[in-house]
Amino acid sequence: MIEAALILPAVLAAICILLGRRTRLVEAVSVAGAGSMLVLGLYLVFRVFDQGSLDEGIWYMDQFSGLMMLIIVLIGSLAMVYSVPYMRHELDSGEVNPKKVAYYYGFLFLFIFTMVLVVVSDNLGMVWIAVEATTLVSAFLVGFHNKATSLEATWKYLIICSIGISLALLGTIFIYASSLPILGEGSDLHWTSLMAVADQLDPAFLKIGFVLVLIGYGTKAGLAPMHTWLPDAHSQSPSPVSALLSGVLLNCAMYAVLRYHVLLTHSQLGGGFSSGLLLLFGLLSLGIAAAFIITQKDYKRLLAYSSIEHMGIISIGFGFGGYWGIFGGLLHMLNHSLTKALLFFGAGNVLQKYGTKNISEVRGLVRTMPFTAALLMLGALAITGSPPFSIFTSEIMVLTAGIDQGNILPAISYSLMLVVVFAAFMGHIVKMVFGEPPQGMEKGEISKMGLVPMIALAVMITIMGLFIPDVLADALRDIIALFGGLA
Amino acid sequence: MVSTLSLDAINTLAAMILLADFMLVASSRMRSLTRIFALQSLAMGGLAAVVAFETGAEHIYVIAVLSVALKAVVIPRFIDYITEKIQVNREVEPLIKIPGSLLICAAITILAYFVTEPIMELGTAITSNCLAISFATVLIGMFLMVSRKKAITQVIGLLVVENGVFLAAISTTYSMPMVVELGVFFDIFVGVVIMGIFAFRINRTFETVDSTVLRRLKD
Amino acid sequence: MLIDQLFVVLIALSLLGAVIAAVLNGRPKASVRVAFTVSSISSLLGLAITLLVFSQGQMRWELPFASPFGSLSFTIDALAAFFLGTISVVTFAVSLYSFGYADHYEGKYPVGMLGAMFNIFYVSMVMVVSSSNAILFLIMWETMSLSSFFLVIFEHRHEGTVGSGLFYLIMTHIGTAAIGLGFLLTYAQSGSFDFSSFPTAAQGMSDLLRSAVFLLWAVGFGAKAGIIPLHVWLPRAHPAAPSNVSALMSAVMVKTAIYMLIRCYFDFLGVQDAWWGIAILAIGCVSALLGVMYALIESDIKRMLAFSTVENIGIIMIALGVAMVFESYGLNELAALAMIACLMHVLSHALFKSLLFMGAGSVLHATHTRNMEKLGGLAKRMPYTSAMFFVGALSAAAIPPLCGFISEWLIFQAMLQSFNIPETMVKILIPVALGTLAVTGALAAAAFLKAFGITFLARPRSRDAEDAQEVPKSMLWGMGLMAALCVLVGVLSFAILPVLDQVSSPLVGASIADSLVDGIEIVPTVGEFSQVSPPLIAIILLAVMAMVMVLSQVYGGRRKVVKADTWDCGTPLTARTEYSGRGFSNPINRMFSWVYRPIRTFHETKHPSPYIRTEMRYTSTTEPVFDKYLYGPTEAAVRWVAKKVSVIQTGSIQTYLGYIFVVLILLLVVLRL
Amino acid sequence: MLTSLVQTLLILALSPLFTGLIRKLKAYFQGRQGASVLQPYWDLAKLFHKDSVVSQDASWIMTATPYVCMTAVIAASFMVPFITTSSLGFVGDLIVVVYLFGMMRFFMALAGLDAGSSFGGMGSSREMTVSAIVEPTILLSVFTMALISGTTDLSGMSQSLATTGFDLVRPALFLALAAFFISTLAENARVPVDNPSTHLELTMIHEAMVLEHSGKHLALMEWSSMTKLLLYLVIMANIFLPWGIDTDLTVLGLATGTVAIILKLLVFSLAIALVESSMAKMRLFRLPNLLTVSFSLSLLAVISYYIL
C-alpha cells in the first residue's frame, strides 16, 4: 500500500520527462497524476487515521506520518494544478521551452516522491537519505530559471543544506550507536525498534545526537540562525515550487527532528532537554524572522521569512509541549502549509502580472486582479494569525501551552513578536493590495485555472478556523499521545 | 580480543586522517587539495578495512571498497575535471590566512577532544578513540568551507565533513546498516555531481566560481 | 426556544445578505438595496432578541460541532442584551441612512463590498457581545476588527486612507493580544475556555495574577474603546471611513469594549481592590479631558467627532470607575447607581454620536469636504440635516432634557455620593474627577457649539458649501430616527432606567429600581438626595416657550422683522471676514497651550517700506504629542532593531556557513559543560 | 406650584430693578449722578415696541435665541428658592439649573456666530472660553453646599441649610462662596471679566454676541440677562447664606424671608458695584488666571469638605 504511494509519483516523473515536448500531454498527465496521487494519499491517510499505524517492513506510517502525508499530497497536487497556468504563462512569455517544462513536471513529481519517502521510512537512515534527496531534486527546481540570482540561491541552498544534513547524519549515527549495546546486531536503526527500547538508550549519546540532528535537520527546516539559505531559495524558485518548499519541505525536515524529539521524550532524559532546545531555536527563529519581515522589500522573500517565523512557531509549540503545545504545533504544520501555499500562489500571480518582486512597485491589486487580491489579503490575514482563519487556532493553542506550562516570559515574547510580525506583514500586503495601480496596468487575472487551487486553500483555512474534522482531531490526539502530551 | 596490531593500524590511520585535515588547511593550490582529499579517503578506506577485518563484518569490506573507489578515485577526478574545464586559477584564495587557519584548526582539534571525551568513555567499540578525530574532521571541513573563497573548495570542504561523519560511523557503530550506507554513498555521489553541474552553470553566468561574488541576494 | 432560533436566523440572514451583496457587486443599485434591507431586518431581529431576553430571561446557543476549545456557545444575558439592543438600534438607523449614502460610491468603489462588509460588521458585533467562550470571543472580536478595517479603507485610493486603516488594524491587534493573554491566564486557572468557568477561576488567582489580568484587559479593551493614550487610531480611522461606518464604529463598536470591561471586571474578576476602580477613573478623567480638548480645536468635522468619542468613552470610564470604587467598598447600591449611569451614557452616546456622524456624513455627501473652514451657511441649504445635527449637538453638550444630559446628571449624582466611601484619600480623589467631568462638560459644549456654528451657520465659506443641497430622504430618515430617540430617551428616561437596573443588578449585587424611579421622576438612591423629572422639564420648557412667544407678541404689538445685511462697520463682509473655526477655539488653544503645545510659524514677505505689508503667512498646528513622543519613537525603535538584525543576512555563503559552525560549537561546548 | 409661579414672576419683575440699582450705585461711586434706577424698565418697554432687524445671512437660530434664552431663565427660576424654599425642586435640581444656563449660553453663542460678523464670532468664542472654566466652578462650589446639606435640590439645600443654623459655617462654605462670587461676575459679564456698559467691540464679550439683535429680540435678550444676574445673586444668597429664608410658608416667615432676601441682594449689588468701580477690566488672556483661581477655590471647597 505504502509502496504504491511511492511508486506513483516516481512513475509519473518518468512519464513526464519521457513525454518531453508534448506540453499539453505532460500537463494532462500531471493534473491526472496529481489527482490520483491525492486520492491514493488521502486513502492512506484516512486508513492510518482510522485504523492506526501501518507497518510494512521498512515502510511505516503512523498518524504523524499520516499528517505529513496529508500535507504532502494536498499541497503537492494543488501545486501541480497551479503549475499548469503558471508554466503556460512562462512558456508564452518565452522564459522557458517545452522540454524544460517537461523536466519541470518530472522533477516536481520526483520532489514529491522524495518527500513521501521521508515520511514513510521507518529507518532513520533512510529518512536521512530521503531528506538529502529532497535537496538534490529540488535544487533543480530552485535553479529552474537559470538566472544569475536563482543560480546563486541554488548554490547556497545546496551547500548549506548539505552541510546541515551531514551533521544530521552524524547525529543519526550517535543515536544508532546508543541503540547498539541494547539491540546488538539486530539494531536496524528503525524508529519503531528504537522507540521500543527508548528508555534504555544512553542519554549522553542521545543528547549529542539530538543536538546534531536539530542543527542538521533544523538547517533544512529553516530554523534560525541556520535559515540563511531559505529566503534566497524560496524566493528564487517558481511560485508553485516555493509553495512546496515552504509549505511541505520545511515540515518534512521538522518531522525528522520531531521523530527524534519523541524518542528523547520517551528516554530517560524526558522531554525537557529536547523541548528546551526547540523552544530556544523557535524563539530565535521567530525573532529574527520578525526583524526581516519589518525591513523586507521583496514580497517573495517576505513570504520566505514568514515561513521561518512559522517554523519557529511550530518549534515553540513543541518546545512548550503539553497537550496544547503539541496540538498547536501539529495543527500549525498543516495550517501553515495550506496558508503559505495560498500566499505563494497569489505571489506567483502578482509576479507574472507586475513582473517585479518589489513590494513598492506593486500597488492597487484590488483593481487589477480583484480575485487574487482578495485571496492574497485573506491569506495574509490568515498567515498573521487573524481569526477566523485556521492559523489563529494553532497559534493560540501554542500560546495557551506557554501560559499553561508556566513559561510566561517566552509566552509573552512570543505574543509580542507575533504582534510585530502582524503589523509589519500587513503593512506590506495592505499597501500592495490597495491604492492606485501603476499607470498602464491592465485589469484582469492571469488565469482562471490558477485561482482554483487558491480558492480551495482559502476555503480550507477558513473552515478550519472554527472547525476541525473529528477524524483529524482524533488523529492529532493520537499523535499527542505519541509525544506523551496526554498526561 | 582486538589485536594490538589492528589497534595500532587504526590509530595510525586515524592520525593520518587528522594530518590530512591539517594539510588541507595548509595547502594553497587547488590540485593539492583534491590530492590530499583522495589520500584522506584512502586512509579512511583502509581504516574501514581494518575494522572489517577485526570485527569480521563482511559488509564493511564493501563499504571500504566503495569508499576508496568513490572518494579516493572518482570524486577527486571529477573535481579535477571540473576545475580544468572551468579554468579556475590554481590558488585556493583563503579568507583567513593559512597560519591563522592552522592555529584555529589546532584549537578545533582540542575542542573536538574536549567535546567527545564523555562519549569516548562510554564507547565500547574498538575504534572509539577515533571519535575525536572524526569530530575534528567534521569541524575542520566546515572551517574550510567558511574560510575559503572558491565554490569548488566548498565542495571539497563538504566532502571532508562527509569523511568525518563516515569516520564517526565506523568508529562508533562499525558503520550503519548496509541499505543506509549505500544510500548515503549514492546521495553523496549525486550531490557532488549536481554541485558540479551548478558550478558549471555559475561559471557560465558569472564567469567565475569565486563564491564571494554570489552576494546579490541579501537583505 | 424562540430566542435562539431568532439568533440563528439573524446570523444566517446577515451572512447571506453579505454574500448576496458581494455577488451583486456588478449591479450597485441592487446590491445596495439588498445589503441594507438585510441589515435593517437583521438589526430589527437583534432588537427583538433584546426585548425577548429582557422579558423571558437569557438565551444560550451552542455551535453544533465540537471544537478543540470546548463547546462554542453564545449566551445573551441582560448585559449582553442591553448592548445588543443598542447596537441594533443604531445599526437600524444607519442602515436606513446608508441606502442614500452609498449611492455616491457607485462607479467609484465596489459598493457591493461595502454592503457585504457592513453586514458582516454588524453580525460580528452581535456575536462579540453574545460569545461566551474565550476563543470564540477572540475570533468574533477580530472578525469585528477586520470587517471594520476593510470598511475603514473602503475609499482606499484616497491618500492616507490605507495608512490610517493599517494603524487602526495594528492598534486593535495589539489590544487583541493583550485580551488573549488575559483570557489564557484565566484559562490556566479554570481549565475551561467557557466564560461561565471564569468567575470561579478568578477566585483562585493570586492577587498579583489578578491584577495582571486586570491590567491586560484594561489595555486590550482600552485600545478598542479609545482610551488615552491608546486612542490615536480613532482620529485617523474615523475621517477615513465612510460616514455610515464611522457612525457604527464610533457609536457602537467602541462600546463592545466597554461591554467586555464590565463583563470582565464585574462578572469574571470581581471588583475587590479599590485601586482598580481608581485606575479606571483616572484613565477616564484623562481621556475625557484630553479628548474634549483635542475635539475643540479640530477643524475636520469627523476628526472632531472622533475625539469627542474619546471624551465620551472617558466619561463612561469615569462612571465605570466610580461603580468599581463603590463596589470594592461593598456599597452595592451606589455601585448600581454608577453602573446605571455608565450604561445610560453608553446608550445616549450611541444615539447622539451615530446621529452626529450621520450628520457629518450628510455634510460630506453634499459638499465633499470635512473641513469646517470650508463650510458654513448649511442651515439654510440643508435645513433638515442641520436641525438633526443640532439635536445631536445639544445632546452631546448635555442640554436638558436630552439623553446626554440625563446620563451626565446620573454620573454627577453617583459621584456626589462619594461621601459614603470610608477611605479619606479615595474620597478626595473623587471630587477631582468631579471637577474634571465638569470641565469636560463645559468644553464639550464649546466644541459642539463650534462644530455646529461654524459648519451650519452664517455664510458659506466655499463654493461647495454654497452649492450644497439637502441629502436624499433615506438619509434623513436614518438621522431623524436617531434625533427622535435622542429626545425620547432623554424625556422618557424614567422608563428606561429600570431596564438598566435589570442589567446592572446581577453585576453589582443590588437592585435600586424601586427607589430610583418614582412615577415620572428619577430619584437616585439613598434618601431624598435629589430628583429630576425629564418629562416635566420638557413640558415646562415648551409651555414657557409658548408663553414667552405669545406674550412678547402681545406686549408692544406685532412688529415687523426686517431682513437686512449684517452690520459691517462699513466694509462689505465676505466669507473671509467671518470668524473661523480655528479662530473660535484660539482663546482656549492659548489658554491651554501647555497641553496643545502649538507650533506657530509666522512668515512675512518683506517690503522695503515698513508701512506696506504685502504677504503674511501664519500657521499654527498642534503638536501631536502621542505620535511624537510615544508611537513614533516606539516604531522607530522597532525598526532600528530590525535593521540591526537584518545585517546578518550578508549574502555571503561563508558567513552563513559560519553561523552553523558557531552554533554547532556553542551547543557542543554547552552540552559538554 | 403657586409659590413657584409667584416667585418666578417676582424675579422677572425685579430683575431690571437690580440691574438699574447696580448701575446707580456704580454711578454714585464714580461720582456721577447716573440714570434712574428704573431706567432698565423704560429701555425694555421701548425695545418691545420696535421692529426687529435680522441679518439675512442668519438662520432660524438667530430668531429662536431670544425666546430660548428667556425660556431658560424662566424655567431655571422655577427651581430656585427666592423668598420661600417652596419651589419646583422635584422637577430639577441645581445641575438642571446650571445646565439650563448652559443652554442659554449655547444659543446665545450660536446666535453670535449666526450673523457671520466677526464681532459676534469673537464674542461667542470668548464667552465659551470663559464658561469653560466658570461652569465647572459653579458646579463644584454648589456641589460643596450640596454635600453639606445632603441634597442637590436647590430648595432642599436652602431649607436644610437654613434650619441647620451656624453649624454650616465651615471653611468649605467660604471657599465655595468666593468661587461662586467670582463666577457670578464672569457669567454675567461684569468687570473684571467683561464690561457691561462698553461698546468697544474689541473688548466686549457678552455685548458682542447680542450685537445683531434688535427690537423685541434685543428686549428679550437683555431681560433674560438681567434675570440671569438676579438668579445668580439669589442662588448665592439662598444657598450660601440661607439664613432668614422662609421655610414654612407662614406670613411671618414670608415677611422675614422678603426682608432677608432684599437685604442680601442689596449687599451683593453693593459689592458688585464696588468691584466694578474699583477694578479695571482684565485683558482677555489674563482672565484664565483669575478663573483658574476661582476653579481651584471651588475644588478646594469640595476637598476641604471631606478633610475638615
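Going by the order they are written in, the chains are A, B, C and D; count residues from 1 in each one.
The rule is simple: a residue touches a chain if its C-beta (ideal position, glycine included) is under 8 Å from a C-beta of that chain, and two chains touch if they have at least 3 such contacts.
In this text the structure is predicted, and so the values were computed from the model without any measurement.
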Key: Joint neighbours of chain C and chain A, given as chain labels   = B
Key: Chains linked by the largest number of contacting C-beta pairs   = C-D
Ask   = If you take the mean of the Cα atoms for each chain, which one ends up farthest from chain A?
value = D
Ask   = How far is the middle of chain B from the middle of chain C, if each middle is the mean of its Cα atoms, in Å?
value = 69
Key: chain A and chain D: spacing of chain centres that average the CA atoms, whole Å   = 78
Note = CA centroids of chain C and chain D: separation to the nearest Å works out as 35
Task = Measure off the straight-line distance from the CA centroid of chain A to the CA centroid of chain B, and report it in whole Å.
result = 31
Shared-contact residues (touching 2 or more other chains) in chain C = 646, 649, 653, 657, 660, 664, 668, 671
Message = Please output the residue numbers of chain A that touch at least 2 other chains, ranges allowed.
response = 155-156, 159, 163, 167, 208, 231, 292, 295
Key: Set of chain D residues in contact with two or more other chains   = none
Chain-chain contacts as defined at top = A-B, A-C, B-C, C-D
Task = Write out the stretch or stretches of chain B touching chain A in their complex.
result = 115, 118-119, 122-125, 138, 142, 145, 151, 154-155, 158, 161-162, 164-165, 168-169, 172-173, 176-177, 179-181, 183-184, 186-187, 190-191, 194-195, 198, 201-202, 205-206, 211, 214-217, 219
Query = Considering the complex alone, what residue numbers of chain A touch chain C?
reply = 155-156, 159-160, 163-164, 167, 207-208, 211-212, 215, 219, 225-226, 228-229, 231, 277, 287-288, 290-292, 294-295, 327, 364, 366, 381, 386-388, 392-393, 396-397, 399-400, 403-404, 411-412, 415-416, 418-420, 422-424, 426-427, 430-431, 434-436, 465-468, 470, 473
Query = Which positions of chain C touch chain A when the two form their complex?
reply = 63, 65-68, 72, 135, 138-143, 146, 153, 156-157, 162, 165-166, 169-170, 173-174, 177, 180-181, 184-185, 187-188, 638-639, 641-646, 648-649, 653, 655-657, 659-660, 663-664, 667-668, 671
Query = Which part of chain D faces chain C closely enough to touch in the complex?
reply = 45, 48-61, 63, 67-68, 70-72, 74-75, 78, 88-93, 95-96, 99-100, 102-103, 105-106, 109-110, 113-118, 120-122, 124-126, 128-129, 131-136, 139-140, 143, 146-147, 150-153, 156, 211-212, 215-216, 219-220, 284-285, 288, 295, 298-299, 302-303, 305-307
Chain C to chain B touching residues, read off their complex = 646, 649-654, 657-658, 660-661, 664-665, 668-669, 671-672
